[in-house]
Amino acid sequence: MSLHLVFNSAGYKACQLRRLNDDPIILLGDGVYCASSTREDNTYLLEIDARVRGIASLNKEANLIDYPAMVALTELYSPVVSWAE
Amino acid sequence: MKYTLAIHGAPYASQSAQHGIGFAEALLRQEHTIERIFFFHEGVYQALSTRVTPQGEEDLMPKWLSLNARGIELAVCIASGIKRGVINEEERLRYEKISTSLAAPFTLVGLGQLISAINEADRYIEFPV
Amino acid sequence: MKKMLFVVSQPPYVNTHNAELLEAAMVGAVFEGEVSILFRDDGVWSLLPDQHGELIGQKTFSKMLSALPTYEVNQIFACTASIATRDLTIAPSPEIEQLTLEQQTQLIAAQDVVIGAQR
Amino acid sequence: MKKMLFVVSQPPYVNTHNAELLEAAMVGAVFEGEVSILFRDDGVWSLLPDQHGELIGQKTFSKMLSALPTYEVNQIFACTASIATRDLTIAPSPEIEQLTLEQQTQLIAAQDVVIGAQR
Amino acid sequence: MSLHLVFNSAGYKACQLRRLNDDPIILLGDGVYCASSTREDNTYLLEIDARVRGIASLNKEANLIDYPAMVALTELYSPVVSWAE
Amino acid sequence: MKYTLAIHGAPYASQSAQHGIGFAEALLRQEHTIERIFFFHEGVYQALSTRVTPQGEEDLMPKWLSLNARGIELAVCIASGIKRGVINEEERLRYEKISTSLAAPFTLVGLGQLISAINEADRYIEFPV
């Protein structure tokens, strides 16, 4: 299964059209602005990017992760696909 | 596991460096290895030696240097680099430029080094922006 | 002096364009230009409260914004539609006047120059 | 050797990313990787005939594309939906296989690496 | 009246929402890909950018202009507003 | 009429230079004047002295120089420039860098020079990308 790294909202759209429902997504950079579009269990937010932008406090139920947790996800899935437009 | 990372964005125009450095440091803490960090497209500007970080902002160059000191190769795409102005002493002489602009531990390499690093690694991760 | 509108249409932090643009707006005000600022589309993400640029070694954009009145930049506008689409609650300071699309058309038409296009 | 998918999602000419990416794909093929290329979203503008990069002193992207089979890059795909939305008639060469979104999902899942994210 | 310079499709959308119907538009750079969305008399394409991209031959009725004609339009209108997203 | 132009994009990442140069040359042919060309954001990379244009592609640096030879000021935003690595001899000394990187006819100026150029001109035109 693939892991998707989403870097902005246009990338999120392109990714959603082409991913398997079970593939996990990590939102990072401006991708964290898409947090409110989703409540899925397999969607993660890079916490530092969410906190920088004032997004973390708006999405208290989100799966916030740090870099080590991101590394752990990349161990489990392949390929790792980046989406930015 | 063995990782190859790619950085596509310039400092101040992207978060490529923050993401790449944050991820690379976490990899090393978890005892993964990094085959190579490859700087492509505008990512080559990360290697410019003349950058001056504004007061109160974080200078990312020491973090690249620290990764290099731990054995990580910082490989700048030569085709992307020299056309944008990132040149070493050899290219300076060849093209008769006044000065070099590649910071010391970065090296200019061909695209073959991206492909071979991808082939050697278990994972390839891109930080585009 | 010229009537200058600075337009912020991108989010902060992924790059430093918004901060650079705001510095230009402040200099415009120091030079006694008639400066206004419009946040539209993804630029309205700049107006969220509780930002922490220091976590990635950058200036906090919302703090820069709060300093605008000190520079006598008091005409700060935002696109109502852009805020509504994103379901945002914007920070209480600085004071921001929300504009409809028609009002933005008029705002633009009233300027000598419009500054700030970026990707 | 790895299965490598290169993804082109942006138009050519405003920057040189597409040309740089194609060069990487060609090197991948020279190194005997199993290389495929996918054009999707605004990347499908790359497939128009009658391009003239020389007018702005750049390589003509469609000519680079035509050279791909010489490098034994024969798996060139494009997103059917992206082409239809833009009402494009694509150039007759090189040969391109159009894929549905579902087929693209499968294509991605079958790769070792996916290369080419850009803004 | 304002003159609008549109550099890409997201810029075109943002511009269309905020311009007066009578304001002229120049499409340049990736903005020329928006040529087919419009047949208005007051929309111009920078010919060199349209020809580079293979767009000129698809839009034979478009108002193709060169840099001198673009200069002439900037003389007539103010402000000149650039749109790129 | 008097024009002020702004260039926001880097070479190879944007068409800013082609558009700015094409427009500026047309202005001069029509006997308009240009108060200043201001390089802002990633536009500062236009002024890097170490760029090497690939064979068969157009080198835009001579076109900037030719505009300057006709009296046009090429003004690089100093704040945008030095943090990205575009520095002159004065900044090189101040920040103890090994080399300069600003091509000769370009100058580093403050944002006040953007505002004053806008004030002096009848038109302000931005080439963002």
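The chains carry the letters A, B, C, D, E and F, assigned in the order they are written, with residues numbered from 1 in each.
Operating definition for what follows: a residue touches a chain if its C-beta (ideal position, glycine included) is under 8 Å from a C-beta of that chain, and two chains touch if they have at least 3 such contacts.
Just so we're clear, the structure is a prediction, and the values are computed from it rather than from any experiment.
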item	value
Minimal step count in the chain contact network, chain B to chain E	2
Co-neighbours of chain C and chain A - touch as defined	B
Pair with more cross-chain C-beta pairs in contact, given B-C and D-E	D-E
Turn needed to bring chain A onto chain E - CA fit, degrees, nearest 5	180
Whole-Å separation of chain centres (CA-atom averages), chain C against chain F	25
Chain centre separation (chain C, chain D; CA means) in Å	38
Junction residues of chain A, two or more chains touched	7-8, 29-30, 48-49, 78-80, 82, 84
Chain F residues counted as touching two or more neighbouring chains	12-15, 41, 57, 79, 83, 124, 126, 128-129
Residues of chain C engaged with two or more neighbouring chains	13-14, 16-17, 42, 56, 58, 112-113, 117-119
Set of all touching chain pairs, with the criterion as stated earlier	A-B, A-C, A-D, B-C, B-D, B-F, C-E, C-F, D-E, D-F, E-F
For the chain C and chain F complex, residues of the former touching the latter	1-2, 4, 16-17, 20, 23-24, 27-28, 30-31, 33, 112-113, 115-119
Footprint of chain D on chain E - complex, ascending	8-9, 29-30, 33, 36, 48-49, 51-55, 57-58
Of all residues in chain D, those that touch chain A in their complex	5, 9-10, 40-42, 81, 101, 104-105, 108-109, 111-114, 117-119
Touching residues (chain side chain A, partner chain D) in the complex	1-2, 7-8, 11, 14, 17-20, 78-85
Of all residues in chain D, those that touch chain F in their complex	13-17, 56-59
